[in-house]
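Shared between the two complexes below is subunit A, which has subunit B as its partner in the first and subunit C in the second.
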Partner chain A sequence: MIGSSAPISDAATNNTRSSLVMDKITAGYHADQWVLNGVSLRAEPERVTVVLGPNGAGKSTVLKVLYGLVAPHAGSVRVGDQDITRLPPEARLALGLAYLPQGHSVFPSLTVQENLEMGLWIYRHDRARREEALERCFAEYPVLKDLRAKLAGSLSGGQQRLLEVARLMLPNPTVLLIDEPSVGVAPNLVDILYEHIVRWRNQGKTVLLVDQNVEAAVSIADYVYTLESGRNRLDGPRDEFEGRLREVVGQWLRLDVLP
Partner chain B sequence: MAVVLTTVVSGILLGLMYGLTGMGLTFTMGFGKTMNVAQGTLIILGAFFALTFFNAWHLNVIVLVILVMVLFGVLAGLLNLSLLRFLRDKSEIITLLVLFGVAEVIENVTSWIWTGNLQAMTIPTLQNSIQWGSLSLPKTDLVSAAIAVVATGVLYLFLQYTYLGKAIRASAQSDLYARILGVNTSQIRAIIFLIGLVLAGIAGVTVALLFPFAPQDQDQWLVMAFIVVVVGGIDNILSTLLAGLVIGVAQALAGLVVPFQDQNLILYAFLAIALLFRNNQLARRMRSL
Partner chain C sequence: MKSRMLMMVLVTAAVVLVSWLLNSGIVSLFVPIAMYLAMAQGWNLLGGYGGYLNLGMASFFGLGAFGAAIAAVNWNQSLPVALLVGAVVAILGGLVMGLLSLRLRGAFFAIFTFVSVFVLEAIANTVGITHGALGITLPTFSSLSYNTLTKIWFDAFIVLGLLATVVVWLVERSRWGSSLVAIKEDEPAAEVLGIRTMRVKLLAFLFAALVGGLAGGLYAYQQQFIYPSTIFTDTVTLQVVLMAVAGGGGSWLGPVIGTPLVMGISALMRLIVGSVVVFGNGIPAQLELIIYGLMLVAVGMFLPNGLVGLVKRWRGRSATPAATSERLEARGA
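Then we have the complex of A and B:
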């Protein structure tokens, strides 16, 4: 009943490996104060594409436009050969996109199990698929099975992150938009998160990663974009980029201390 | 002793009904983040619907409740389509003002249709009492308490165990994170508004069962709903019902010592005490952030 107007395609069995394209996007939170001024980028299947930039450059806004949380003023977004510029998030989810926002996004007074069930909301009319997905999830994250009756708010920060990651992957997405996964997370868990990202890449998924942790992000990147003040700055394959890394980041540090 | 027992039991029965009058308000505040100031007029409208249908067709109470629920569902749908969809991204204060306007219109329309006179619904089969030991319980009180308990119970089970109920709870915690998981939260808000209205309609039927009523009584029921919400909080509908029960018992016991015309003072005393207490709670919660 809810949102049944969205074209529900089969994200799990749809193995078309989709590239994600952002084409000359202008967008912002108030009319005429654009945060993005004609940003273009492209993320390919089986690649980790990393977006770097100083604070306030518009990295998170890029992900929000790609996921349909901020409507662009101009430009287009495509996945595969489909234009998704005007689709709401639920329709993008159904096309295989998934988005991990910055910060803690669990529902604290829902149980772990209920949080996971919310991750399968787009399959609310397909009980068999939901049960199968939950079973797969519990097989992969046995901890969550033991914790499933607990309120998510009572879990440790690390367990909550794990829950978010498990919930993100439940509908078996093909395109992942990940914002600052390592902020506020214990170092050992950060390593695990990057291992996950590499594994998803190797499974053929399209990964777009925004990260402050420049060195770590670049080390798993295949392709790097940099943004400054809502504009494309440099981009290139990781090997090419690594050489200029110090120079570029050094510039941002100086930019940050300017008044 | 028998007097006290009778008083407590009738306080409980009446209190459950008070809880029901606060349920719609709790629900729209707790889950929809909207203070529905039209709650009082909607309750009175429900009472008039019940009265009219009963006088026309002599329906039994269960059928009356269902009919009023359906009509309030339709009313909620119309309000959602006409007004509220334009308010989704407006500030809360504008929504509040519009709901004030809606309340004003409903009150005027009810006065126009049913006049401003005090009216009462008399269901002959419910006019006697059930004798239970030394207790004598009016059937109307029993029926309205039962309606309150069943309505709350059904709502609780719905929220706790259905997929839609879980999505409503999730959206209440974070509209954004629910949207990210594909929940159409503007539809959820419309559904929350609808449930709040239907609860007001059901409460209206119980008002008609127990009291004479007139359109201008809406303030009194809005205040009652508000007191219940302040005492019970907005996090849990079961504590709303419990709050109503406590208020009902306190009011009934106070009636033994306080003259009839001062009984409303008890309600306001409750409101004052609860506000003091809740303020502390709120302050503590803010400090812990």
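Then we have the complex of A and C:
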């Protein structure tokens, strides 16, 4: 890619497993009303790392800072040993990060093929790589090959979810940031995504998941962080954490009621 | 694809040829249609495909007209140079407006561009270089007869309009066109995929500026006389948007159908309603605006995707396989 401010490694051929580190990040949308106040966390390859917290704790902002959609005020973000704090999303994409936004994100009046091409936008000048990626995608999701001339909006909910997942995986990312997969989406579609998350973990990918559905998220987690009012609270491996889950969530419920 | 391009060249040549065979009175009726075809296609990329309601076409049109007129009169430049100056002024204006407004979404962008027309009108009325409210009289082509000139202006506008149509047609089949549609449907999702949406939108906005500026420059020469309040006017904007949207925004065919249709209907309405006398006067000069306003409301209510959308719906939801497979073919998929 031309015009990026940092050297970019080759995501598709780069099979090094990258850990993702957030170090004392302060960020938000208005100065002095920071959503995150010095949050630190770490996501490792072959692990599903889950971030939990009550409403307004800053969970989604964590993902947005990691992906470059929100610029932090202070702190740093690293992938492997590279500092990516100031890189725009397209540069992070090229470094092997990928982000799945909340809700539905296919483009209904584009065809399946065109939707997939949008997922390869950063490689729009590299035809060989695009073809290789599409071939890999169609091998994994043959149904999309049959549907590729159809408008995405005419697909079933399940097919749209597959398209979303396939598009996410086209650049062959190593670090996946997944934002609230249970919000505003039918339960069976959430299941499809959770199955994929487990598969990605087993393939050695780094997965960072934010979800309101505490029980479901913890069930596939390897490591859990909790946030409250933009600060780190508890964290620990799933086994250690599971016993205290009830207590922690109970506390949030009280927090939500009492100011 | 190549055969399509050849066809477009032949169509253009045929239209130009026919204009020389017809009576200049008839050709003069088609001059505004040709001009607005160009402007509606210019608007189409960002407004139709990208879903950003640009209500500032009159700004580009006016910048082009005054840029060309000032170059021709104040600086004694020839017509091609003057047109170029007009286009450059419009593009620079588009750059400033785009950088300021394309971060705004929805209504804010529409309002910004709408207001730009009035701001520019006020400036043009005040500064000396435009001769203020006195207007500018352009050099005449006294060696040419009125009939010949009419045909030349028609040809100039129709070549611009068909060129703009070809560009839109090519963009529709390109990855870039898909990215504009992606921006319309879910801009945050497009950003997440690494699409620099600001850059894509700005390019589409500058295309509108270029085409609007060239149309404005030609219009200044054709009219021989321009002054701010007839050029920087929301009527121009309204007509452009209506023509694109009535035919079908986000389709290259939309303006091709919409422009003659809207022009025809409005001419007919003026004939019918214009003969009615109210309070001893003809219906006021604002009639045109009223007609366009009503048509825009009707299109918004009954034809949200224009005539092109209506035909698509008749032929069934996925009646686009022809276009789709063509797009796939164009990309070698």
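Following the convention adopted for this analysis, the second predicted complex is superposed on the first by the 245 of 259 C-alpha atoms of A that agree within 3 Å, B and C clash if a C-alpha of one lies under 4 Å from a C-alpha of the other, contacts with A are read in each partner's own complex, and residues count from 1 in each chain.
Convention: contacts are C-beta pairs under 8 Å (C-beta built on N, C-alpha and C of every residue); 3 or more make two chains touch, one makes a residue touch a chain.
Note that this is a predicted model, so its numbers are computed, not measured.
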item: Combined model on subunit A where subunit B meets subunit C, clash or fit; value: clash
item: Touched partner set for A:Glu90, first subunit B, second subunit C, both or neither; value: both
item: Subunit B versus subunit C as contact partner of A:Leu151, first or second or both or neither; value: second
item: Clash-bearing segment of subunit C, relative to subunit B, as chosen among 277-285, 295-303 or 313-321; value: 295-303
item: On subunit A, the residue positions that both subunit B and subunit C contact, one per complex; value: 67, 69, 88-90, 93-94, 99, 101, 105, 107-110, 114, 117-119, 121-122, 124, 167
item: Complex contact set, residues of subunit A against subunit B; value: 1-3, 67, 69, 88-90, 93-94, 99, 101, 105-110, 114, 117-119, 121-122, 124, 167
item: Subunit A - residues contacting subunit C, complex; value: 67, 69, 88-90, 93-94, 99, 101, 105, 107-111, 113-114, 117-119, 121-122, 124, 148-151, 154, 167
item: Of subunit C, residues touching subunit A in the complex; value: 175, 178-179, 181-182, 185-186, 188-196, 317-318, 320-321, 324-325, 327-328, 331, 333
item: Subunit B - residues contacting subunit A, complex; value: 163-164, 166-167, 169-170, 173-174, 176-184, 187-188
